[in-house]
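Labels for the chains are A, B, C, D, E and F, by order of writing; each one numbers its residues from 1.
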Amino acid sequence: MPDRSLLRPPHPLLLEPIVRRALEEDLGRAGDITSELVIPPERNAAARLVARKPGTIAGLNVAQAAFHLVDPALAFRFEIQDGDEANAGTGLATVEGPARSILSAERVALNFVGHLSGIATVTANLVKAVAGTKARIVCTRKTTPGLRLLEKYAVRCGGGFNHRFGLDDAVLIKDNHIVAAGGIAHAVARARAGLGHMAKIEVEADSLEQLREALQLSVDTVLLDNMAIAELRHAVELSKGRAVLEASGNVALDTVRAVAETGVDYISSGAITHSAPNLDVALDF
Amino acid sequence: MPDRSLLRPPHPLLLEPIVRRALEEDLGRAGDITSELVIPPERNAAARLVARKPGTIAGLNVAQAAFHLVDPALAFRFEIQDGDEANAGTGLATVEGPARSILSAERVALNFVGHLSGIATVTANLVKAVAGTKARIVCTRKTTPGLRLLEKYAVRCGGGFNHRFGLDDAVLIKDNHIVAAGGIAHAVARARAGLGHMAKIEVEADSLEQLREALQLSVDTVLLDNMAIAELRHAVELSKGRAVLEASGNVALDTVRAVAETGVDYISSGAITHSAPNLDVALDF
Amino acid sequence: MPDRSLLRPPHPLLLEPIVRRALEEDLGRAGDITSELVIPPERNAAARLVARKPGTIAGLNVAQAAFHLVDPALAFRFEIQDGDEANAGTGLATVEGPARSILSAERVALNFVGHLSGIATVTANLVKAVAGTKARIVCTRKTTPGLRLLEKYAVRCGGGFNHRFGLDDAVLIKDNHIVAAGGIAHAVARARAGLGHMAKIEVEADSLEQLREALQLSVDTVLLDNMAIAELRHAVELSKGRAVLEASGNVALDTVRAVAETGVDYISSGAITHSAPNLDVALDF
Amino acid sequence: MPDRSLLRPPHPLLLEPIVRRALEEDLGRAGDITSELVIPPERNAAARLVARKPGTIAGLNVAQAAFHLVDPALAFRFEIQDGDEANAGTGLATVEGPARSILSAERVALNFVGHLSGIATVTANLVKAVAGTKARIVCTRKTTPGLRLLEKYAVRCGGGFNHRFGLDDAVLIKDNHIVAAGGIAHAVARARAGLGHMAKIEVEADSLEQLREALQLSVDTVLLDNMAIAELRHAVELSKGRAVLEASGNVALDTVRAVAETGVDYISSGAITHSAPNLDVALDF
Amino acid sequence: MPDRSLLRPPHPLLLEPIVRRALEEDLGRAGDITSELVIPPERNAAARLVARKPGTIAGLNVAQAAFHLVDPALAFRFEIQDGDEANAGTGLATVEGPARSILSAERVALNFVGHLSGIATVTANLVKAVAGTKARIVCTRKTTPGLRLLEKYAVRCGGGFNHRFGLDDAVLIKDNHIVAAGGIAHAVARARAGLGHMAKIEVEADSLEQLREALQLSVDTVLLDNMAIAELRHAVELSKGRAVLEASGNVALDTVRAVAETGVDYISSGAITHSAPNLDVALDF
Amino acid sequence: MPDRSLLRPPHPLLLEPIVRRALEEDLGRAGDITSELVIPPERNAAARLVARKPGTIAGLNVAQAAFHLVDPALAFRFEIQDGDEANAGTGLATVEGPARSILSAERVALNFVGHLSGIATVTANLVKAVAGTKARIVCTRKTTPGLRLLEKYAVRCGGGFNHRFGLDDAVLIKDNHIVAAGGIAHAVARARAGLGHMAKIEVEADSLEQLREALQLSVDTVLLDNMAIAELRHAVELSKGRAVLEASGNVALDTVRAVAETGVDYISSGAITHSAPNLDVALDF
């Protein structure tokens, strides 16, 4: 479980428009016609968000926002916190108030919690697999369109770290940039000439030769792309701590420890955000 | 492969705001600082969207929209169509023009195509598994917040069908509604009293007893939730075609055919939208 | 007066953006310069929404939203409810608080209540005219751009029912679709092939011949367009309850009962939304 | 017919968001499912906007925007211009291109043209009724929420003039302002003290006594509210041209000429915008 | 110091979207990462907005909105009011509550108060310089894009008045319009033919000849552009009060009194909005 | 003049919404009533953007966007480029096409170019003043709300560099953070524990003592706030290149060279964005 005080849940000002859009998508033009026709407005209910499968939880604050946007009169109480692990059957939170409102917000709230907890769970598994090494698990820009803020947060809930939030955060010079720019040295020189002092530069290296070139240029980070374990070990020796080393490429639960044990600093994975299966979470009345 | 003339790709008026938002999320405040610093504006390039793994493709039109929104000067050509199957290595489309623009749009385009093709692929596998039965595979409202339009389309690309797009599309009376309303009969009566003639009514039945009650009320569809195969077979016999029957609950690739062979009309699955792993698609220069 | 528990007032999440846009339209760039210059900020007032002409009321909740968005400190109290009938002089609601705020919101609130009550009143008149028959009055997509949600609600306040909310709600195959598709049978077959199980199909019939064809195809609803009374009666006999029958075309207060007495199920009217005169409602201080 | 060069059609930058919102309202989440399922994408069609009833036309440019937003490939050709009069059967414009696109935009285009032409027609009737007098017909802020720009334009198409576009355009001190401010003189003094030199001041007068007071204060315009014909004539004599005189209150087609002949400068009517019946316009294929 | 009851602070409905956009611009995708990482959530603080340099204050209500949008739990208390003068060291307001929230909103709040107080201060200096004459200082449309509402308010806080808020407020016929229209007389005639009675007409005159022409046409206001002092004096004599006279062109603190003493009614300055240096305001903890 | 290939003009996808909002602010509800009434639609014109005072130009692409958004038929041709210096009288660009459209866009285009060129000019003056030293001039977050993207670009046009674009770009631990966190060491440790590898850490130091502490913690950058020249020189000696040094605090044209000669790496200034006077630019017909 990550240090909860470092999780940085999304600020309400950034979170609410995302949740509002999801609710509007579900309510459509006419709203929740079933609940409004079938359930008397004065009927109250109490319900509980419950994990059906074990996993690491993320997104309870998003669920809270969904319930409150649908009806400020709903009382939402956390039973555990984002970043906590749940077993099958663990209660996550309770919500009480008008039954119609609970049912109108239910699916959106569950869609968020299931999706984000899925990401947190897959991340947490990788984090546990590398425990004891210095390697940190880090996500990429391979996120679901429109949900990057929340998915990056879910990665943190799973104990992972965040790479760039977008194209404007830091410079990452990949193979295609190098080719188009006419070589690593030229690309790095141009980035240095144009950037201010608070943006870092990372260069992708597909070979030890490219790593050497990058190290000579004193870049902040080198992305070691799709290297074999032996090659990664070599890279760590070559680097001698002069650059932060990030290993990437088809990282899986059964291979990640070997990568970590090569001594790299960061292991990045697109799959933790783009292929994490939903965690099964339900709302019990 | 589904009948392509029935796919109904999202109308540009509905698609473009979603793609624009994804691009804004990636460009951030300052834009693609790497490409703009490192690549001369006059440099052109040609690239190809290629499947790295086999699967059913969805979202090429979304990729096209991403490239065109970033730069109307980019030429995008389809090599195959949404709904087609690709092998590892199959070229999906080509894009040509300013190298900067291709690189600025690349990640967003790939995030969409990978995500939607993942959904289409998982759907297509279920559809193939029930081939020869009358059962249709259908998605649910368990979609990624903000992407429902596109995910429903990806399901169609995989040969599946769509259930409700939202809470306002049709009436679906679930167990919690029944409890809060005071019984199935009362709930259905209220829905009939308030609805117009173009909205259908579906009722969830957890037991054959509830199915009988629903059939007596002449509802359009009954959702058979989490029933065993034998129970489903029973339900089909009971119904005698009086209602459309939809089976739901933990549908998986190895169990779906048995469900289909019970004779139900529809099999709904949340997993095809909320837990489909990304299809590995890359942009080769 | 319709069963008030079936009215389904628009959800605040859907209502507020519409009211906010109307207020922004009226406040412009500089706000209510008259009230802000002329009335001291501490001056309070009490005012009453009053019907100047008799009619069926709709939109009091919209007025409430307008006053609250302008100033959360305004106290709004309902004297009657949406769907109720008012005489000339009937008090509808009271609002109390800062005089400036009441005056700044007044026109927008009245524009909504007058417009929606106009629709409710015209609808209620048609509903009363067909009382005792089984025919229901139903609106169309001929609504004022941007106000469909509210106008459909006003129709319900008048005792009417709602047809489709938009092009994506249900399939309605009109004459032009039939021509372009190459016949009714082909059009219906294509709709069935592509649609899920929760969307209904309606077909327009301009003659009894077309009605017969539609009945053979077991469509859900047939739209009998511009048929004479005798022809409608014939259609009801032909149908024998196999399809829901909807009569449309130049429905007026003095002709609607004859249409209803033919035995059709629904009578649709564009005029109740697009040509209803405003109900005269004022704010008395 | 008004001088067409003075009509000032809405600037595309202001018009397009309104039309886009109306199209999104109609397309909903899933788009035009009927046309997309039933009509082959390559099918072309030609259609003609035709007036079914005689009237003054407004909104053809809005219809054009609707067709172009749905499909830039549609060719739209004007047969007459906004502000022209049409007979029953007059062709207004033609549109050619993909049949699906024409059908998807049809209803929104017709809703705009029917609504705005209705307003233009009612206005034109009042304008003709006062022909030969110096009185100008002018609209109010009693417009349909969200459509003020277009409705004010429709009034101009009918030969009328526009009053304030909103609360920030000019100062209009009504009876409630006068009471809250503590008298006309004080209210006008405050407005003068706070306003710049380009905003005009109008004061409502319910009696000749109030008119006298307003004239002494040299306000730009006096609103003569609900005065009888004799009183209006008196007011014109009293004013001697010192203020612009605007008569308001229950202006109707059979009473407006008498009002105009009293010699007032402007006659304002809320009904021309809030109660104009739709002009029947259709799209013939 | 202007009469505070005439200041008309921006209505919250108009103000909040501007402040929200500024906060979103600063928070970016990931929010205030420094405060969220470094400061415990339960840490409270008290801070004070303090002027570092003397000036006229504007925008305290904007700062309040910024703090409240970031965190409704922050308590904001005014120590002085917009329109008041502050010395170096004067406390303007205090804010208390969660330290994180204060720091997250600080820069946006200061950017607004510093910018608007800069405008108020420069305006107040001009206003003082012309004290005792009848001339009023008035701003133009030369405002910072996106901030016109607030900058016009800041001008009022400095004791100035507002000209047009935009192109649709009033007619201002400049030299280029006159040339394109074919002369002043024609331009004014067309404006009169198309405008309603509540919009004023101003004409730019670069020479006394043009002034004479404008006076003959009885326009409301004449803009005397870049005239020398002697010429302005002449213009005032010529006009004899028949039109409001507005002098414009390179108005500076050391020249403005001479302009005012010519007897013109208004002196307009673009510099008070587009070139006012920021007033140094800080937040002391 | 900066290396123009490093300027990175704002991407159209990010630029256009800002320009559109400015145009909407100026057009208001009714549009450019003067031009539309006074100038015939078919009248064409040619105009030239001309500098009235010498300066460094920024924002010609923004002006181009303004003209094109108002009317795609306008032809805009650059005579010089952003980042170039202009003398009084230098032509910057020409625009040709419908006279109405040129006049409708004129003010917004000029407001942008004048504002941004003002910033570029003030920046360029500082850059020239430190020529020959290694110090780079860098802006801050003290920008005009809503215009940060453009103002940061204008700084680059003047030869300056950009600091953080917002609170989420990099960690900047200021005095208040240090106090609230309980010391520099603790604050830096928490930032390191929570941040990924691509974000830099800067710490504010008000004394050499604090600088020493920061250097021991190996932070990337130290902000030397309001230090005297001698103290800055001392700081450079202490640092020995271990951290990037940024000097800030009341940087002015006559003091900046002395600061630069101390050997610091960056000199940051809020005044270049928040207090730069507008550069006088006009549109000559």
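Throughout what follows, a contact is a pair of C-beta atoms (placed from the backbone, for glycine too) under 8 Å apart; a residue touches a chain by one contact, two chains touch by 3 or more.
Everything numeric in this text was worked out from a predicted model, so none of it was measured.
Trainee: Keeping to the contact definition above, tell me which chains border both chain C and chain E.
Mentor: Common neighbours, chain C/chain E: A, B, D, F.
Trainee: Comparing each of C-E, A-D or A-B with B-F, which pair has over half of its contact pairs in common by residue number?
Mentor: Repeated interface of B-F: C-E.
Trainee: Using mean CA coordinates as chain centres, what's the gap between chain B and chain E in Å?
Mentor: Taking the average C-alpha coordinate of chain B and of chain E, the gap between them is 52 Å.
Trainee: Quick check: how many Å separate the C-alpha centres of chain A and chain E?
Mentor: 45
Trainee: If a residue has to touch 2 or more other chains to count, which residues of chain D qualify?
Mentor: Answer for chain D, listing residues that touch two or more other chains: 6, 8, 25, 27-33, 37, 40, 104, 148, 162, 165-166, 168-169, 190, 193-195, 199.
Trainee: Are the chains arranged, by touching, as a line, ring, star, complete graph, or other?
Mentor: If you draw each chain as a dot and join those that touch, every dot ends up joined to every other.
Trainee: Given the complex with chain B, which residues does chain D contribute to the contact?
Mentor: Residues of chain D touching chain B: 20, 23-24, 27-33, 36-37, 40-41, 69-70, 104.
Trainee: What does chain C use to touch chain A in their complex?
Mentor: So the residues of chain C touching chain A come out as 5-6, 8, 10-11, 13-14, 148-149, 152, 162, 165-166.
Trainee: Can you tell me which positions in chain B touch chain C when the two form their complex?
Mentor: 3, 6, 8, 136, 138, 156, 161-165, 168-170, 190, 193-200, 202, 220-221, 244, 246, 265-266
Trainee: Quick check: in the complex, which residue numbers of chain E touch chain B?
Mentor: 25, 28-29
Trainee: For the complex, give me every residue of chain C touching chain D.
Mentor: Contacts found on chain C: 18-19, 21-22, 25-35, 37-40, 43, 45, 99, 103-104, 107-108, 110-112, 114-115, 118, 141-148, 165-169, 171-173, 176-177, 179-181, 187, 190-191, 193-195, 199, 270-271, 274-275, 277-278, 285.
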